[in-house]
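Dropping a structure here in structure tokens format, bear with me for questions.
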Amino acid sequence: MSRPTADWLIRLRQNTGLASAIALFLAFYLFYNIFHPKGFSTPVLVQNADEAIALAMVAMAQTIPVLMGGLDLSVGAVMTMVNCLASHLVIGSPLQIAFGIVTCIAAGAAFGFANGCIVVYGRIQPIITTLATGAIAIGIALFLRPKPGGKVDEDLSWALTNSLSDFAETYGLFDGGKAAWFQPIAWIPAALVLLVLVILLIWVPFRRTVIGRTIYAVGSAEGAAFMSGLPVDRAKIAAFTLSGVFAALGGLFLAIQTSSGNADLPQASAYTLNSIAAVVLGGTSLLGGSGSAVGSVFGALILRVISFNFRIFDIPPLMQSLVEGLILLAAVSLGGLRVLQVKNRLELFR
Amino acid sequence: MREIDQAMIDRDARPLLELSQTSKRYGGVRALEGVDFACSAGSIHAILGENGAGKSTLIKIVSGVVQPDSGSMRLDGQDVRFSNPAAANAAGVVCVFQELSLMPDLSVADNISIAGPPTRMGLIDARAQRRRAEELLASIGCEDVNPLLRVRDLPLSRRQMVEIAKALGKRPRLLILDEATSALTNADVTVIYEVLKRLREDGLSILYISHRMHEIEALADRASVFRNGRHIETFPMGARSHGEIVELMIGREISAQYPTRVTRPRPAPLLEVRKLSWENRLRDVDLSLGMGEIVGLGGLDGQGQKELLLALFGVLKGVSGDMLIDGKPALPSSPVDAKGPGRRIALIPEDRKTEGLMLPMSIAENLCSASLDALSSGPFIDPGKQDVAVAEAIRQLQIKIGSPADPVATLSGGNQQKVVIAKWLMTKPRIILLNDPTRGIDVGTKQEIYGLLRVLADAGAAILFYSTDYDELIGCCDRVAVMYDGAIRVELEGDAITEQALIASALNIDTASTPALEHAS
Amino acid sequence: MSAALEKPARFALGPDDKPIVIASAFIILLLVIGTAYTLVTAGTMTLLSPNYLLQQLQIGAFLGIVAAGMMLVILIGHIDLSVAWTLAASAMMATTVGGPWAIPTGLAVGLAVGLVNGLGVAYLRVPSMIFTLAVNAVMRGLMVAHTGGFAPQTAATDLMRFLAAGRVGGIPMAIFVWVGVSIVIAVVLKRTVFGRTIYAIGNREAAAYLAGMRTRGVIVAAFAACGMLAGLAGVLLAGYSTKAYQGMGDAYVLPAIAAVVIGGANILGGSGRYAGTVVGVVLIVLLNSVLSIMQMPEAGRQIIYGAVIITMLLAYRSGRVHQG
Amino acid sequence: GPKTVSGPGADPQCFKPWNEKTKYLQWDKKPGPYRIAVVNGFVGNTWRIQMIKTAKAYAEQPGVKEKIKEFKVISTGTDVAAQLGAMEDFINQGYDAIVTIAVSPEGFDRVIRLADKNNVVVVPFDNVLDTDKVMMVNEDQLEMGKIYGRWLREQLGDKKSGKILEVRGLPGNSVDRDRHIGFQEVMKNGANFEIIEVVGNWDDGTAQKVTADAIAAHGKFDGIIVQGGSTGVTRAMQDAKHPWVPIAGESENGFRKLLAQYGKDGLKGLSVGQSPGLVAIATKAALSALEGNPMPQLISVPIPQARYDEMKDGANYWSNLTDNFFTVNEFKPCNVNITATEIMAKDEKNTTN
């Protein structure tokens, strides 16, 4: 501590995970767009956003329990459950649709709340709790939709899976999307706006509440958080509840995107596993205490952008999973480079 | 005894905090038994007692961490009961716990304002929070700590200062410090003394727990002694002699704190260190250690002492320079290497809870963990050999236990520390490295450990002993190497090991120009 | 001083025994419920016939062997999510090679994957959760490529069939294999330096390291053993199904973790008895078979499965005071 | 998008309309050569791998190769968002046709809308969609289920009750659903069978395992149908010493080998195939549509069947080759001549038994 370090440098050092996730994503994504015949255009961006958003939401859902030092193996299942619920409810009059959406989010929240209660009052490890409740969520999903089907309001579907101009056109806003002031932003995908809104309206403020910070505190040192008089139990329940909300938003979007519900178990577990990968790629420590949901969004984008590139480059079809696996392995092993720099082996254990 | 206390309380100002007939059991253990206790505003009140006497339990009850089984508590004459630390904080009772209350991944600013951060429109105001942290840190002389830093990245002594800043930020009426200064540097301790005295002037009541007698003598107005979960006596400081206090604490008389030192000719070196360097933290360290010698490592905290011990034990990567045992190169590349037959080095690590013990595992398993190779035939552990060795270790160090199969977590801190030491003695080491082994250990146990070190040395071991406690270095060591900024600045020997000399060289005051210091007394 | 006092006198069970007792009781309850059901609906007592029970244990053997490996990894505070494709890859490579080298190949593949996992976790110190996930993806990719690359042989050899489906003295061979594995694991955990080190790492790796235990080697070995056992399970499952196929391991990962935890092991490592894992496996296998006898639709099955895990763990917790 | 026109369509021998009511679709003629993408979902069984290899081989065939400028095959896994995304991406990239096996019968409205807007021909096959807005190629899955049912009823003679085992496919896909519905319809007609359903995921191992479990739990069955994984189911019967009972299953070589071997001992079986070669027909249909030909909206491909007493070594099964491939692959009327043995079992050294 001979010379005081500049604040920005400290901030950067504390966010290397996030920074490298953004860099990695940008590299892959630029590559994709440069080689895409219609690169850097609205349709491509719209398509990419639509494809990524459900995973991004589920990755955010995973982040919060992870920050707390737990793991939520039910996020994919809750997403699937809400997807099935939405395929029943998000249709009809605007009022019915609104009610449907609120119910879906409430269902996710309620499920997460239940997870939190089991963890807090039952004192069962999050990973096991959610392994079990994930099965229950899939059961409910199958019960709601024994076969794929259902319907979601078509306008909503179209409006949210296209650019803002289509959104405005569908709902007759801003002169049907023709207003002059609207043009500079009309090209932005609605899904992307939705994602950013969720981050800005839910995640960012949440992070700055006492409960939000308690989640970090619990992940960092639970005993210390308790001794410091923080509302540990409430924060844990809140963490799972919010996780449920994000998972529900993912499921809701999936329903809107596909205009149907599907209680697909392999898909649910794929989302859960990908959410963990996204969280790690986004720079959040699986031990808890540091990281952010924004990082996980970029982690999810990285996972998606890898497969985007398969559609551009000629990789033999039966080699694709291998290439995807190798890239993932390489990406997660990058964290291992840190080990080379560690000169005091005791630091490896924290 | 009760009448005396009552009389004293009546004489003094009305007590701020009063406990009566408070008891607490953990399973079958009586941690506190019918305790009456009071402390008044505007005073610093020391709580003394050996390990397991019930001090922590008392303050955990007062600060809402645990609930008493019976008894009542009054704050300012009002009956209170705190169901959690937050409730206690709200009532102005704030505790600095020895460990467990900073979040390493959060920033200093976050930590300081963790429970009641300044908010704007319901959200935490990061800027205001940072200003607050800066002010509080400045008030305890820690302007050099950037509040943006993560606590994880601070050395232990800074962390304790942050912890104190955090407590002060809660504007306590009753401030409790449970061994809160055990890792502080002398300079910090001086600042803290000033702060505490100022707070006393402001009318706060301070409960101060420490195993360092000189701190208590320097600070406290009044002291209460606990033993075996009972409140033994409360008296004004100065009313009792040092010896009397110790006797109250351990229920017997201690003849001499330190074993008598005999001056002997310097033995031939067993371990030699030449130009050992590592990462700017160790600079050309030269040191030698002879059979039967206890060499102390002194200096301010964080001058490379820990790194030196870790380097000698094979924990650090990229160490340059030589380490010789019996004149042969012997720098180990791992602890496995270090304890192996060619070297037989042992390290008593800094933090017994995270580095020394597997807390949930049994006492026996912990004791055997460093010497499994010797206790097994082929890949199989020999239960017979294990039991014998465990029994022998427990006897030798007089570890107070129920059964060797109990989790080591159930032992008091002092006994846990003995387990760590015993575990290494079971490997029959020739070279023993100790990293502040008596931190948070009561006087009685300390004395046993000092005695033990001397016995080991006499039996031929070479001992390198880092301590933050000057008394200890003076009392125990044949020689003391004082480190400053990664290098050994001075080696003091025999009668030259004095408090002044230690302090002067620790602060890197040129000893050549002040020879008087080195040879004082 | 107080050890005797601390134990509640009426319940002379250690904390590690309780899950085993409760889970065993639950197994008996399952048998009763299942038998009552078959008695009422078909007038038979299928579940209690020795042949049926042996058959369930035979099916349980595959899960049991995977769970044994998983337990080693869980005890050191890690997890292995790659067992699904380790198992499948071992089976596929074993059948591809065929002949006398089939089984050694299968085991070697499992061992190799386990070694990679172990090296990644112990040397690169990538969290096992994510490292094994990535290795799983790689193995999956390799096997898709392998299946598509040329027409690989997928038929199990006779020896594989014998080990998995054959019977000796009326008892399925697979059970003998499982018992063999179990004895080895139980002895290793209880009696060896390796086992002791596993528990030590799971409790506090830094302390184990500073005690001069060979922590890295043991981590690598635990993953290697887990991989090899997944490989063994793959070889057997291919023998049982007469062939190897993609996705054959998918149904084993979460149940293996669940079995270990139902058996009372701490998911964060450091504690748990092997006998518990065996009981956990039996419980899961029996639960599945009772549900299928009852023709429970998938929705109900999933819900019951989840509810059982939660209930069991709540039962283990009850009566135990929380220690902060 | 396409215009609805009246028939007949091109090459009616190959592109056979589903029924009289099938409408015809016509796209604007585009100049070739074309860019075609195959978007598969899951790759978890041999059928899909055989399908992918057939697709690649077909695109290389003379007569086809010239018409194709770029041919891309990708598998997205069971993630519907990824499959939709891939299809939309190919639309954006300006591909002319997308051939696909849908991971779910629902959810493709948006992609179809975009495809129509951009004049891209989307051709689902095998697991098709619940819509009449795109051209699709399939064997009649409902009918296939009925064939299974009729075979069992025929074999069971006068029996109107008893226990039947139904081994289903991968849940959530249209093929599984339709075969199940067709089967159940025939079985329930004027009879009172107890039908035990188990999920075999269309693969041998799983199917074998669940069958073994079902036999253990339920004792004897009077008949079995299996959507995929028939070899495994038959072996499970054999292992459990279950008496041979009538069985209807898929077209795996292993299953046919067993039928040939044990047919005379009472293993009366019917092997009904869904051909991985469907991908070739779907591709061919896409090309034809791009050339501006009127096409049936729903193209019916005949269901190849073979009874146990019709097994001929080297013709409809190969006793010297692996169990592991689907025997029916080629379609003469469509000039699709890529045989299963060519695609999956060409390697001599990999023969078994």
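Each chain gets a letter, A, B, C and D, in the order it is written, and its residues are counted from 1.
Throughout what follows, contacts are C-beta pairs under 8 Å (C-beta built on N, C-alpha and C of every residue); 3 or more make two chains touch, one makes a residue touch a chain.
Note that this is a predicted model, so its numbers are computed, not measured.
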Chain whose mean Cα position lies farthest from chain D: B
Between chain A and chain D, centroid-to-centroid distance (C-alpha), Å: 36
Distance from the mean Cα position of chain C to that of chain B, given in whole angstrom: 44
In chain C, residues with contacts to at least two other chains: 144, 147-148, 206, 209-210, 298
Two or more partner chains touched - positions in chain D: 43, 49, 52-53, 171
Residue numbers of chain A (touch at least two other chains): 223, 226, 266, 317-318, 320-321, 345-346, 350
All chain pairs that touch each other: A-B, A-C, A-D, B-C, C-D
Residues of chain A that touch chain C when the two form their complex: 71, 118, 122-125, 127-129, 131-136, 138-143, 146, 223, 226, 266, 273, 276-277, 280, 286-287, 317-326, 328-329, 331-333, 335-336, 338-339, 345-346, 348-350
Chain D partner contacts - residues on chain C that touch it in the complex: 44, 46, 52, 55-56, 59, 144, 147-148, 150-155, 165, 237-238, 240-248, 251, 288-289, 292-293, 295, 298
Chain A to chain B touching residues, read off their complex: 1, 4-5, 7, 10-11, 14, 205, 208-210, 213, 216-217, 219-221, 223-231, 285, 288-290, 342-346, 350
Residue ranges of chain C touching chain A (in the complex, touch as defined): 81, 120, 123-127, 129-131, 133-142, 144-145, 147-149, 205-206, 209-210, 250, 254, 257-258, 261, 266-268, 297-310, 313-314, 317, 322, 324
List of chain B residues in touch with chain C within their complex: 27-29, 313, 315, 334-336, 338-340, 347, 349, 354-361, 365, 368-370, 372-373, 376, 379-381, 400-403, 406, 423, 427
